[in-house]
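In the two assemblies presented below, chain A is common to both, partnered first by chain B and then by chain C.
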Partner chain A sequence: MKFLTTNFVRCPISKCDNSLKAFPLQYKNCELIQEELEFNPEFLANILDRLNWEAIIAVAGDLGNDSLPPTKPENVDPKDPENEQLLKDLHTLLIETQITEGEMHCGECGHIYYIKSSIPNFLLPPHLV
Partner chain B sequence: MSRPEQLAPPEVFYNEDESQKYTASTRVQHIQAKMTFRALELLNLSPTEHFILDIGCGSGLSGEILTEEGYQWVGMDISPSMLAVALNREVEGDLFLSDMGTGIPFRPGTFDAAISISAIQWLCNADTANNDPKTRLKRFFNTLYGSLKRGGKFVAQFYPANDEQLTSITSAAKVAGFGGGVVIDDQDSKKNKKYYLVLTAGQAENQVNLNGVDMKGTERPGKKLTRKQKKDEETKKTYIMRKKELNRRRGKHVANDSKFTGRTRRPKF
Partner chain C sequence: MFATPLYDADFEKLYEPSEDTYVVLDTLEEIRQDLVNWYFPVNTRSTTHSPNKVPICVEIGTGTGIITTFIQKNILGPDRAIYLTTDVNDYACATSIKTNGLNKKKPTDFGMLDTIKCDLVGPLARKCVDLLVFNPPYVPSEEVPDIVKLTQDKKDDDDKINDLLVDLALCGGADGMETTWRLLDNLDSILSDTGMALILFCARNKPEQVVEQFKQKMRLKGVEWKVERVFIRKAGWEELTVWKFVKDW
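And then the complex of A and B:
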């Protein structure tokens, strides 16, 4: 699972729908890999508006990276060569960093979702549906 | 026509054997590709970069096309074997083992668009005792509406088993707040007829591409017919059938229906 996806995933259980703690999930015991993927500056600039930077910092902290800047980079133009390094860094962080194994804990209901061979399991047991 | 929905739940039906067979079949590959392209055509996305959700991604046949077109995507499927095949094929999107009927596990405004190829008819099944198709459809469309950004679009190709399924799917979508309807391709062919559910969440910048299609909308078209117009539309045969049915309900003695009912008699000398 890409690091980018952690910024969007929340607990699917219906009683957590209106809870602020169901997003972001807490990541524990995770194994990470770096996989080289195609660099796509336009996509990153487009997705940047949608990112919740506080959640990015929280999840990065869970995964052991505390060196991210505290504020989100704003108004990034993908065609400006000045921004290239920034976008490359974002690419390495968001797209190339992937979680292969680990656990995701919901802050509200405490349910644990497991990630196995980079596929998170969101199937719910019948009593939680 | 065989319907896998009637045989077993999706996670059971698409076991290792079936997943391999499904993915390796060139016929399936060809049909899936064709339907994915058609869905993308209906979506009418602007050429900038998009983040797309693929519901029921299976082994990633549709996902590969999304990658080719330059989209980033996330796929969801309920069958572990299908996802294992997708992993082996090294598709680029993120894969999720998740049941669409229990909700889309993404926060509001995540995706620009969503597609689904041959999947949402499974929602109409009651596979287990606590699977209620109505609540599953409701949960699915509500959470999908939430996870799309405003103006996001959703195109789903599906195989409804009957008209009830079609109406229950479209009405659930409408209740969730979606606008849109069903596009039917190859309407006259029994075999190649394809249903596409085309929905928008709010007002889209780029309208969906509906060139050359007849719409069977979720909304009722125009005004109600007046009594006179209804009468004019009715043929002689339907008039007779209607009256016979009425009298039958009133308990009167009515002659049986046959293929000769309401026919004109041959001319007599």
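And then the complex of A and C:
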């Protein structure tokens, strides 16, 4: 599971639908690997728009990374050399970082979802469907 | 014509690409320019909709993953969209990632593809899907295998679970529509406002009736839809069609 994907998943249990605590999930006991991929500054600059930055910071914190800017960088020109380090850091974090094993806790209902062999499992037990 | 992506999997454990899969690939190829114009309009001022700069493309029940890899490689491009595959079957999830790797020139070629084990779109945030592709279990059957039960029932041996998972890719219950209706009933909260769904039907699903019923149900929720058939192919006694769903503003 790539770090970026954590920005799009929440607790799927219906009673957590409207809870602000069901997103982002809390990541615990995670094992990470880096998967090397080409750096694509335009892609990163373009996805900034749709990222929930607070959730990025929260999950990065769960995984032990507290070095992100506290507010979302705006209007980042991918061709401007001044932005290169920022975009490289985001590339390393969002695209290259994979969670291979770990737990995702819902802050509302407490349900724990597991990541195994890099695949997050959100199938629900029968009593919660 | 674009080549079918390479794949390599154990077809006792997942649904092998078949006529229906090729219908989806051919649809994507045929409407390629419309999709590109929809997601990446050249002049945003002249269009009535402003899509997300980087669309999220989700394929439900990915199986081998060739459909998503096909879209990434040939339709929207590896560096212009985020690709997510879902499946209830671990092996399919893993295979969709492997398929993507098999079709890269180098392992480090850029691409943002990830996979989620879940039912339908599972944990995805509301209204975040920009392109949804679903080749559902559309064959009418007495019942839909109970995925939750079968993956938790440790009494069953692996062979039986694999058989059921392959069945699940096919068996759609009454009219072959049980799984598809579970998706359609929530489509308004799954798709972004500029989102589009491409869904495959067979004639026995009675797609014309389904579309009318869908529009009526959605009208009650206050959402109007534009739905059109974008592809048809007769394959032996079967007729497969692909329908495009977008919100009508």
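Note that in this section the second predicted complex is superposed on the first by the 129 of 129 C-alpha atoms of A that agree within 3 Å, B and C clash if a C-alpha of one lies under 4 Å from a C-alpha of the other, contacts with A are read in each partner's own complex, and residues count from 1 in each chain.
The working rule: a contact is a pair of C-beta atoms (placed from the backbone, for glycine too) under 8 Å apart; a residue touches a chain by one contact, two chains touch by 3 or more.
All values reported here derive from a predicted model rather than from experimental measurement.
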Put chain B and chain C onto chain A via the superposition and say whether they clash or fit. clash
For A:70, is the partner it touches chain B (first), chain C (second), both, or none of the two (neither)? neither
Should A:125 be classified as contacting the first partner (chain B), the second (chain C), both, or neither? second
Once the structures are superposed on A, label A:117 by its partner contacts, choosing first (chain B), second (chain C), both or neither. both
Touching A:43, do we find chain B (first), chain C (second), both, or neither? both
Determine, under the contact definition given at the top, whether A:23 touches first (chain B), second (chain C), both, or neither. both
Is A:14 touching anything from chain B or chain C once the two structures are fitted on A? First, second, both or neither. first
I'd like to know which partner A:81 touches here: chain B for first, chain C for second, both or neither. neither
In the superposed arrangement, which partner chain does A:2 touch: chain B (first), chain C (second), both, or neither? both
Among the options 43-51, 223-231 or 241-249, identify the stretch of chain B whose C-alpha atoms clash with chain C after superposing on A. 43-51
Once the complexes are superposed, what residues of chain A are shared between the chain B interface and the chain C interface? 1-2, 4-5, 8-12, 23, 37, 40, 42-43, 46-47, 50, 117-124, 126, 129
Chain B partner contacts - residues on chain A that touch it in the complex: 1-2, 4-5, 8-14, 23, 37, 40, 42-43, 46-47, 50, 52, 117-124, 126, 129
Enumerate the contact residues on chain B facing chain A in the complex. 48-51, 70, 72, 74, 78, 83, 87, 92, 94-99, 102-107, 109-110, 128, 130, 139, 143, 149
Give every residue of chain A touching chain C within the complex, in rising order. 1-2, 4-5, 8-12, 23, 36-38, 40, 42-43, 46-47, 49-50, 95, 113, 117-126, 129
If you look only at chain C, which of its residues touch chain A in the complex? 52-54, 56, 79-80, 82, 84, 88, 90, 93-94, 97, 107-112, 114-119, 122-125, 128, 147-149, 151-152
